[in-house]
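As written, the chains take the letters A, B, C and D, and residue 1 is the first residue of each chain.
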Amino acid sequence: MHNEGTMQGFLFPRTATGRASLIPSPPWHYSGDLLTVEYRTDPERVAELLPEPLTPVPENEDPGAVAIIWADWQSCSDSAEELLDPVRAQYKECFVVVRCAFEGRTYSRCVYIWVDKDFAIARGLHQGYPKKLGSIHQTRPHPYGKAAPRIAPGARFGATLAAADRRLAEVVITLQTPSDTAGFVNGHPMAHHRFLPSIELGQPPTLDELIESGGASFEGGQAWRGTADLTLHDSPAEELARLEVREPIAAYFRQVGVVWNGGKHLA
Amino acid sequence: MHNEGTMQGFLFPRTATGRASLIPSPPWHYSGDLLTVEYRTDPERVAELLPEPLTPVPENEDPGAVAIIWADWQSCSDSAEELLDPVRAQYKECFVVVRCAFEGRTYSRCVYIWVDKDFAIARGLHQGYPKKLGSIHQTRPHPYGKAAPRIAPGARFGATLAAADRRLAEVVITLQTPSDTAGFVNGHPMAHHRFLPSIELGQPPTLDELIESGGASFEGGQAWRGTADLTLHDSPAEELARLEVREPIAAYFRQVGVVWNGGKHLA
Amino acid sequence: MHNEGTMQGFLFPRTATGRASLIPSPPWHYSGDLLTVEYRTDPERVAELLPEPLTPVPENEDPGAVAIIWADWQSCSDSAEELLDPVRAQYKECFVVVRCAFEGRTYSRCVYIWVDKDFAIARGLHQGYPKKLGSIHQTRPHPYGKAAPRIAPGARFGATLAAADRRLAEVVITLQTPSDTAGFVNGHPMAHHRFLPSIELGQPPTLDELIESGGASFEGGQAWRGTADLTLHDSPAEELARLEVREPIAAYFRQVGVVWNGGKHLA
Amino acid sequence: MHNEGTMQGFLFPRTATGRASLIPSPPWHYSGDLLTVEYRTDPERVAELLPEPLTPVPENEDPGAVAIIWADWQSCSDSAEELLDPVRAQYKECFVVVRCAFEGRTYSRCVYIWVDKDFAIARGLHQGYPKKLGSIHQTRPHPYGKAAPRIAPGARFGATLAAADRRLAEVVITLQTPSDTAGFVNGHPMAHHRFLPSIELGQPPTLDELIESGGASFEGGQAWRGTADLTLHDSPAEELARLEVREPIAAYFRQVGVVWNGGKHLA
């Protein structure tokens, strides 16, 4: 007698026990350090990344603002078992966020993102983050020795992104002062699409769903504000460099703890 | 004026031009070497991996047969541009196939698969392969020197699979004779599920679609048959070792060229 | 007119400018977190790793004591430029230390070590560490969120080592109390061999030098002591598992800053 | 009673059994595919990479000729056991060769080289190749499917090199005709330095030895000649781009089998 509709596992591969699932069920917990660089690009370059029914934010709300964010994470499920086998808990990511409007509300939207583990790709499938693999590095603060900045005025952090053996972005951030915020571009609920083409040629997509999600809870340390020297590089397989830097806004460092636990269907 | 429903790209990230899409549109072309190991496990262990409405094949059709297959691929879209930037064309995979029945027809079904590139993960999303990242290696034949087997009787090939820094499978295959087939377990159209949970907690899955697909065209060299010494290792995050080796069937080597170009919705 | 004896660079490749050297000149600065696990193995297994003129420490000085240490580092030269391109500064390592005696003095000696960057391999050539590549992970403490331990009683850290797609060691450490030390096995100057075979077959080694080195300066935070559950796995290409765990001693966590700046020739 | 001068192993880590040595004793066997691109650069840029007592080849012997070579290898020791655990046998490399003269004889000399495995780095230590880690890819020929060239006129091969997340070189080669040679720059015995600084600051190098080595035996298939479109990229940690392309010479493809079995001390 075979399995009768009892496949287990939050995501594939689904099995009788669910143990092999690439990711466990939410909630998902994250502890990590964020480096955020905000700048202005041509607002048209932002607008062209917003599918209907999303619209750009109004002219007077800085529609060309972009945040590129590096994050060095540990993450786990409620069991926290991944933390004791840290190859399954640690990952790094670099992602690009713009803002948009939907039904009169402002949302953040991740338009590009690179991560370095498969479980992070899988979470992105669920959350609507358009994840690719990349090689991501960011300077870590440390309290001892000369091989790390302290978290203090003048501290300098480097961060880089590469994919397919090409460097796509690099930045040097210099901290200046404590800050009330860690930026404004990534500060709204996320409006993301979950998309999958039809398996049949020429048919409409099987899935093209607009969802909303955001952190279920958040804690963080003192945010710091500073300046950034950001360079984007072109690649035949990427379009990040189209979001060219017209005007720097600011850069931020913050250590945070976040919980993610589902979202809602919008359209 | 912003983008009006003209987002391009076969998969995410979708943009105005489509250039950044993680994968281009099918057809997808593959050239590579396959090592196939077939064996019998407990038929109940196969059955428990088959969600309704799939059923095991009948008792007299070897329902416990399993194929574990290593493949060393180059792949590209119709443009073939990936072949000239081979980091975007080359990948390796190890996958596990069983058979099942649906509406009176026999299908093959991939129950586990590991690959080493993100574009291969992305194709699997579309095709219903439950892909994880792994580290996959297989001996390559070569016509010169002592550091490779020739394709001939007595040739020996090793193949290994690891994920999350644990070795999951290893095999040594010894070729014996030319063969009319390269096995029977992976010889049917694939019956796969495409699955995505609801973004809302406690709701039914957003996507749980049964699809069929297979090669749009195929060419291959002489298949070879031989013997295999296969070992599976357990891991806290995998269930491959549940498909324990009860009885070896045979092993095969074959060089092939394949085209994939879509499938069809079954249920 | 060509270069007349003016090749620059601390190590290969040496060039007219020295810029391409795999590593810059010392001093080398390190900031990082250390997880140390001390245990007793069969003293004969330690002794067999000590070439003449080194001898084991006396029976009453715990000659079977072994330390296996995980470290998560940032490192840089005096210029500190690597810190702003952190792919060139960050690396992880796992290394195994025993003690020995030479001319009446006790030394520590690294008998096995795995790192994950080439610049770390290169420093090891200079310092006499027998480095291989590995995949090394250790839990990081973090002040926010549930995906990291705080540095406090009960904090649990996992650490793993793999090489050639096989897991070689894994440990879970639980912190108990602040400690005056971070262990005793790795507490002496290092006595290492630098070894290179003759390019000519059957000739004595070109280099077989005994050297001493140690930190030029050190600072560190509060050390913590706890317990460890360590497992070693065998591999056809490794001998770590010969240093079998007979009796646990203790485990330690400490954040440190270290400078290395040369050593001296012993024999 | 401890080990009395009986440490085993061709290279570190040396042990009582020798099993853990990063590499086994020569002879070393190689089977693989070579893509060679030859071009002329400023002869002064070649000369500045030649330490005394090496001199450039004479003006009438093309002293600015450079070969950049991609190789996709399997390799093993006499036991050939590595071939059945192919993660220990397969590696790729990209290396740059110039010519020089010593005591009236012409030598080839590898001035830069990147590999992707630690055992390949270790062999380079012995042979005097100045190896770094890199990410190396080259198109593979295959007899079936559209995702690979056949070895024939018009076949196109791409090859790329990256290190530290930056692309350093990329080429597209188009085969034209069978050829009697696979180039002239890498056709001589190699004259390499083996170099290690003193462990003591300010002292002369411990090792600065000029050696000669070459293949102990060789077999190969038909060489093919064609054209190449080569681009070199700069990096803060590399000097490859100083060997700028002034004039293309030719490009070659060849499948080879090679044995290496020691060399001799020159100076």
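Convention: a residue touches a chain if its C-beta (ideal position, glycine included) is under 8 Å from a C-beta of that chain, and two chains touch if they have at least 3 such contacts.
A quick note: this is a predicted structure, and the numbers were derived from the prediction, not measured.
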**OP:** Check A-C against A-D and say which one is joined by more contacting C-beta pairs.
**Re:** A-C
**OP:** State the chain with the largest centre-to-centre distance from chain C, centres being mean CA positions.
**Re:** B
**OP:** Count the residue numbers both chain C and chain D use at their shared interface, divide by all numbers used there, and answer same if that is over half, different if under half.
**Re:** same
Subject >> Whole-Å gap between the CA centroids of chain A and chain D >> reply: 40
**OP:** Using mean C-alpha positions as chain centres, tell me how far chain C is from chain D in Å, no decimals.
**Re:** 29
**OP:** Determine the centre-to-centre distance between chain A and chain C, using the mean Cα coordinates as centres, and give it in whole Å.
**Re:** 35
Subject >> Residues of chain A whose C-beta touches two or more other chains >> reply: 85, 87, 135, 137, 160, 165
Subject >> Pairwise touch network: line, ring, star, complete, or other >> reply: complete
Subject >> Interface residues, chain C side, partner chain A - complex >> reply: 29-33, 73-76, 80, 83-87, 89-90, 135, 137-140, 142-149, 156-160, 170, 172, 219-221, 255-259
Original post:
Taking the complex as given, what residues does chain B use to touch chain A?
Top reply: 1-5, 7, 10-17, 19-20, 22, 26, 44, 47-52, 55-56, 81, 85, 87-88, 111-113, 117-118, 121, 125-128, 130-133, 164-165, 193-201, 206-207, 209, 211, 213, 236-240, 261-265
**OP:** Within their complex, state which residues of chain C touch chain B.
**Re:** 135, 137, 160, 162, 165-167
